Amino acid sequence: MSQDPKLQPRYSGIPTFMRTPFAPELTDLDVALIGVPFDGGVTNRTGTRHGPREVRNQSSLMRTVNQATGVAPFELVRVGDAGDALPESPFELVRAHADIEAFFDRIRAAGVLPISAGGDHSISLPILRALAKDRGPLALVHFDAHCDTGDFYLGSRFHHGSPFKVAAEEGLIDPHRTIQIGIRGSLTDKDIWRFSHDSGMRVIYIEEFYRLGLDGVMAEIQRVVGDSPVYVTFDVDGLDPAYAPGTGTPEIGGFTTFEAQQMIRSLGNLDIVGADVVEVSPPFDPSGVTALVGATMMFELLCVCAQSLTRRARD
Amino acid sequence: MSQDPKLQPRYSGIPTFMRTPFAPELTDLDVALIGVPFDGGVTNRTGTRHGPREVRNQSSLMRTVNQATGVAPFELVRVGDAGDALPESPFELVRAHADIEAFFDRIRAAGVLPISAGGDHSISLPILRALAKDRGPLALVHFDAHCDTGDFYLGSRFHHGSPFKVAAEEGLIDPHRTIQIGIRGSLTDKDIWRFSHDSGMRVIYIEEFYRLGLDGVMAEIQRVVGDSPVYVTFDVDGLDPAYAPGTGTPEIGGFTTFEAQQMIRSLGNLDIVGADVVEVSPPFDPSGVTALVGATMMFELLCVCAQSLTRRARD
Amino acid sequence: MSQDPKLQPRYSGIPTFMRTPFAPELTDLDVALIGVPFDGGVTNRTGTRHGPREVRNQSSLMRTVNQATGVAPFELVRVGDAGDALPESPFELVRAHADIEAFFDRIRAAGVLPISAGGDHSISLPILRALAKDRGPLALVHFDAHCDTGDFYLGSRFHHGSPFKVAAEEGLIDPHRTIQIGIRGSLTDKDIWRFSHDSGMRVIYIEEFYRLGLDGVMAEIQRVVGDSPVYVTFDVDGLDPAYAPGTGTPEIGGFTTFEAQQMIRSLGNLDIVGADVVEVSPPFDPSGVTALVGATMMFELLCVCAQSLTRRARD
Amino acid sequence: MSQDPKLQPRYSGIPTFMRTPFAPELTDLDVALIGVPFDGGVTNRTGTRHGPREVRNQSSLMRTVNQATGVAPFELVRVGDAGDALPESPFELVRAHADIEAFFDRIRAAGVLPISAGGDHSISLPILRALAKDRGPLALVHFDAHCDTGDFYLGSRFHHGSPFKVAAEEGLIDPHRTIQIGIRGSLTDKDIWRFSHDSGMRVIYIEEFYRLGLDGVMAEIQRVVGDSPVYVTFDVDGLDPAYAPGTGTPEIGGFTTFEAQQMIRSLGNLDIVGADVVEVSPPFDPSGVTALVGATMMFELLCVCAQSLTRRARD
Amino acid sequence: MSQDPKLQPRYSGIPTFMRTPFAPELTDLDVALIGVPFDGGVTNRTGTRHGPREVRNQSSLMRTVNQATGVAPFELVRVGDAGDALPESPFELVRAHADIEAFFDRIRAAGVLPISAGGDHSISLPILRALAKDRGPLALVHFDAHCDTGDFYLGSRFHHGSPFKVAAEEGLIDPHRTIQIGIRGSLTDKDIWRFSHDSGMRVIYIEEFYRLGLDGVMAEIQRVVGDSPVYVTFDVDGLDPAYAPGTGTPEIGGFTTFEAQQMIRSLGNLDIVGADVVEVSPPFDPSGVTALVGATMMFELLCVCAQSLTRRARD
Amino acid sequence: MSQDPKLQPRYSGIPTFMRTPFAPELTDLDVALIGVPFDGGVTNRTGTRHGPREVRNQSSLMRTVNQATGVAPFELVRVGDAGDALPESPFELVRAHADIEAFFDRIRAAGVLPISAGGDHSISLPILRALAKDRGPLALVHFDAHCDTGDFYLGSRFHHGSPFKVAAEEGLIDPHRTIQIGIRGSLTDKDIWRFSHDSGMRVIYIEEFYRLGLDGVMAEIQRVVGDSPVYVTFDVDGLDPAYAPGTGTPEIGGFTTFEAQQMIRSLGNLDIVGADVVEVSPPFDPSGVTALVGATMMFELLCVCAQSLTRRARD
């Protein structure tokens, strides 16, 4: 299939991510676009298991050049759709996470940079478990309405509200090189995100976000991450629900897609080892706009990953 | 809250099932209406965890007398909303089932007849585990597009496609007194419902359904069940998706709501010990009509349960 | 605007009913298509005030010849869109009804036969008040899930559940020449439709409907109405919600659109003085199919009204 | 039911406002959360009668601590769901308002602060009639796209576009201590909001809103209200329809949810006697996001009401 | 990707038709499943260009064995997804048809039987042009609400209401071996389907359909087609809109999915050379049920095509 | 019909644009509101052929006075709904454009200023062809996410991505007096909008838009256009999809409705010869909010056109 909508209309063909070649064997790939259709870690509204398919569908609207930055990712690096990281059993959270980790171990072993579409946010944990084996503990740039550093919930330590607490405790990420952006919403208890603060993460609440301004926030990201290898995770509920209604835990009062795009574009000079876009929930997205937002964020991430890989190759 | 819409509009108030009193302690109840918001056993599209709430919402449209049969259930028996049977952990299927079973043990111990709104069809298994302790093995009247007597699936023996195989194997139901009505759809493999046939269940495929006609089907139900204590389970995907689009595994070519109502109304002379309506999935039900269908089927089941209890009390 | 979709696409132009000329002055009209955008008599879900506009919108799909009967209504009679019968005040039910009656007085005085799109079913009362002045008491053919012969409700004698009780009490309709078809659903109390039976109306519940069969029902209509002048009222909730989900008081287990079409087509030999289609509620009709059903029923009614007027003119 | 989603998932149970205890007798309450499911004052699209139920439904997503301000309202004051303020007759506007007033007379007499979910904006009038009996005339903080100080409309002085004109004329509110924020949209006639200006209300049109900036607007609120007892009314159409599409009279070009939250949070030092959130219209809200916005605004109002009550108790 | 949902969940992976291998080179294929995303021939509501993608999406719900007939098509014949037949230019109808014809010429030349998903019904014309080159004129089994044998429309002889007039005139189909089933709806003019009758096609209007009964209709199909090579075309608007709302020209009063399935299953003994399912329009299908219906009809057609090919191979 | 919602509710009557008189003969008109229901130039998602009808529908919400500027357009100029500019054949793009041009030739000849609702953006080309005959080449103010100065696409030089390249090449617009505002999104190839730059158009990408600020952008518009006769074209995809989801080629990260309103209001001193609002696609607009946005932008354009005409008449 051609990626060029001038030759083949976007509504046609079988939707791989951004119409890239289907490459489950990872042959000749620098970057793998991966679906992780798992929502067994959700504490409220499910549906993100359908995220990868709808993000793939809407990603046909992506083209090949980033107009704002001039980056042409498909010229810089070899990109393919590596298929879905599927748990053998979707019924048991812990086993499912182990299966996902094994999939990403294979990605890592092949020297391929993964950009994933979730799935609920709990999938970042097994991805980090795989990626940190080489270069961990990693820095983390985390866009979200929630710190996701919570504790036991409905009887489980593992769920979509806790991956980064567990990741820090397991030494996968370095809390002092972790920045969380867009945090807001009411709290179950005052100390629910206490781990973020106690462990040294930099938390930018939405009020501080607007006080600092975009330039200030982008400077903070650079300061916190520095030259560490870094993972970027983008939860679409960091965006205001006006921009991304199709998600399981919407919180009003969030940032805009324009602001998100600017922030992601500022990451091109970092040493990125992987990225994900999570919590797109098609059953709650009647107009499909959230899947489009998810696909566009994947494209923005692809552009900075391509920059990062190119520079790394050059150095 | 009054149940009488002449006094209180149906859109008002806090929606308990059919506007019955909220009675989580089960005091002075003959019949408990119960939500089981669990969908951890789903193999494809989730969302039935939201079923009980939307069925409660739409059940405000129910009134108090069955026009076709003249049964006035709220005059015959004491009915209340007993709340939700919640697993402590929704993340692990087997543990969740144990929690649900414990909830229904309490119902059984109180001598209350449960009518439940799921949740996915896997919830019938823990309910049967609880109810069969007194009077099992039970007869089963099962309306569905699928036999749900499948084997391992995605690595698990327990899921929403297997509850009645497990129930028969555990001795909770008597296969020779089990009738499955409305079966259709393509098959994963030729032998997927083999257990139904091998174990002696009476399977009425949709083609035979229309050959026999409603009277023939209703006679078969009576013949198979006889005077055994019986559980009735109604999967809304037994209905054609034109009538019940909001469900996880729709199969075209099913029976109508009118036919379903006639069949349920024929059960009033049976010795019913419990019933459920499962697989209402609100995220796939934009017009709410499936939740309305689910609520109405609960009302029809309530009427025959009331008849059954009244006769049992009289005898 | 041309009515011919071969010359002008159906999605174009300003939607009058069935693309007929806008004729608020009633000049040169035999039949007036009228909107009655009033829903102040609704006891549960509102929205039928938007019915006329969406029925007009979908009525662009109507063409000019009834394929089943061969009737070409626009060749037989002069048809126009007379605009909306609007209450001056939508805030007070009794005053609103008086305003609607005045509108239809003008229609009657002009010797024009009205076919109306509601609005809630309470609008049939003021229409009957106007039409019965000439030829009442009228016979009534009434398609519905509910008898609408109820009593006081939420403090009012007038609402969309009572028009035909009031109409009979006021001598507008003759109960012995009234037939109600499709009745079903649970009841607020056993005697809620008692007035229908006590006054001598012929009530065909949905169970009898299917026992009699279409031919039997159509024979009953002829027998009850005879050669009396008759009004036809079609509540879309008489249809199963699979066919007409967008309505305020849906009741599962109803008749089909095919059955409704056959019944309406059997009325061509009656002496029809007016008709309406009510309870289309666009906010509950995401796919627009209920408005399409409403528009098609108006077209079927137009065909039999045209037959009736033609014969009356000839005799 | 536990309010803690760590113990009970949010999609479960029977939805009272914010999962507070159902307390229709007002026993041991400081703040009552109340539904007012009435939309008989609407001049265009109805549906807000369904507002309270959907706001209750979405309010399960609320937690217990305001992350931005640190306020934990359920620790400061006793909060319960007092049920619905229902008019005995929904068919006649003036009588309905009298019934609503009587309900709030009971709230006032019990010394409980009411926070209501509408319903159309006309409900603020009977609420003010009740609350002003003790401490009126009251100051008013009014978020809206419309001044709602209009005159006769479709034959009635009372409707959802006039409550604050009537309230001022009846001496329930003090125009000089009234501030209206977010006003915009086209006008029926140049003088439609003339009463606001003539009576001395402070009107902040959306253009001035953005000129002043949030700090400027918040300073104006403080200046106008001062230490008067004040009622706060939040019409969701004050927000841009991107944030709150499900409403009857949307006007593009409005403020954001983030801005609304900041403004409400600035009211904690005022002497608040009651508040409402109105015009959430579920039939026009396919994704449910407007009901979520309404629920969150109620939570923000609860936080400042709790601050206000606490300080009042302390002083 | 495995076709077995016991090994891979249906919501996962990249959706080819029925999860068959993507085989655009047609290597080792007996049957090709093909998308034709073209809707330039539509006279009213567009959107069927999105049909193939959504039918592919929903076709993940298909399994491998036809439960009613026992046919296991993937064991009988080699099946693949051959991609989309795309016009080089979607802007000009006549050129687009030529491009589609060229695609099917290649299919025919490879000796592969095509089963296509439209697209609007005009696509059957270029498909027939290709297929008739070998074995034409062909018999035709045509399920539809419309005869599609119309004449000039909005200035064009070619559109989705005329393919079978043109096909007969070009000698692609034999009118005397053509049967059209389910015809209904109002008519633009009395003679619009005159060509069907004049040319000798067998037209079964919906009223005759129900008079004959399913057995009678199926006997007529056998009688008309006999042992001629036959093409089968299934327009989803033949179904009642309750079953298939997502289509461009819905007509109420149609047949059911159960009836459609029985009719298709009766075709297994015919000499089928190709088939299509057309007019699925996702933008008008909010619940996705029409795409599911389309996918299931493709599966039913695949089963009889597999039977037909197997017998042909054996003879 | 009265335009005054105080006399006639907005949901009533037959929807002309802004409830103006239907005036297809253009008698006594200064400004014609025109629908152009054509989407044959679309390269991806269709549906804008339904735009005019839904914009008319939502335009009932428009009132008569611009609150922000005080302009009362219906007092300044005579405005009517001139109906739809319909191509005789919707099947062939080039012929369709010729038909549309002919319609606007008639408008121009009558000395009436047209404000059109599309339709896809390709319709601006035939409109400009008509309008430029008198006063061309025209200046152009162009709000959009895309420059629409592309080249051949899917085999055609004419489509909704190229009108302004063709318009410049044909001398209809003056590139040096053309300004394009809001440009963003990924690119098919680096040079796709090269024509804009090479020909001298002023392109304000969204990043520069926010750097300049609204005042800066508005100054640029004045500087570029000067006192040339100017056409204004507003593609709703210039807005962020949060504000206008119902469009065929959404691009996240756009401007807001508030910003759009300010920009349009700044055009009142220009010499405007016509305007359009395009790319409203109702099938992708489940809540109707995009059609409301389109209607409001038409009202804002009407206000500045009325100012422009009034001044021109005065001078």
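Lettered A, B, C, D, E and F in written order, each chain numbered from 1.
What we mean here is this: a residue touches a chain if its C-beta (ideal position, glycine included) is under 8 Å from a C-beta of that chain, and two chains touch if they have at least 3 such contacts.
In this text the structure is predicted, and so the values were computed from the model without any measurement.
Here the chain-to-chain distance from chain D to chain E, counted in touching steps, is 2. Common neighbours of chain D and chain F, by the contact definition above: A, C. Path length between chain A and chain C in the chain contact graph, taken as the least number of steps between touching chains: 2.
When each chain is reduced to the average of its Cα atoms, E sits farthest from chain D.
Contact tally for E-F versus B-C: the pair with more C-beta pairs in contact is B-C. Averaging Cα atoms per chain gives one point for each, and the point farthest from that of chain F is the centre of B.
With centres taken as mean Cα positions, chain F sits 41 Å from chain C. If you average the CA atoms of chain C and of chain E, the two centres end up 38 Å from each other. Computed centre separation for the pair chain B/chain F is 55 angstrom, with centres defined by C-alpha atoms. Residue numbers of chain A whose C-beta contacts span two or more other chains: 9, 11, 43, 45, 49-50, 90, 154, 240, 242, 284, 286-287. In terms of inter-chain touching, the protein chains here follow a pattern that is not a line, ring, star or complete graph. Pairwise chain contacts in this structure: A-B, A-D, A-E, A-F, B-C, B-D, B-E, C-D, C-E, C-F, D-F, E-F.
Note for the complex: chain E touches chain A at residues 1, 8-9, 11-16, 22, 35, 37, 49-50, 52-53, 56-57, 81, 83-84, 86, 90, 286.
Those residues of chain F that touch chain E in the complex are listed here as 39-41, 43, 45-47, 49-50, 88-95, 154-156, 158-159, 283-284, 286.
Of all residues in chain F, only 43-45, 152-154, 183-190, 205-207, 210, 240-242, 245-246, 249-250, 252-254, 284-287 touch chain A in the complex they form. Residues 4-7, 9-11, 61-68, 70, 72, 240, 242-243, 256-258, 261-262, 286-289, 292-293, 296, 299 of chain E are the ones touching chain B in the complex.
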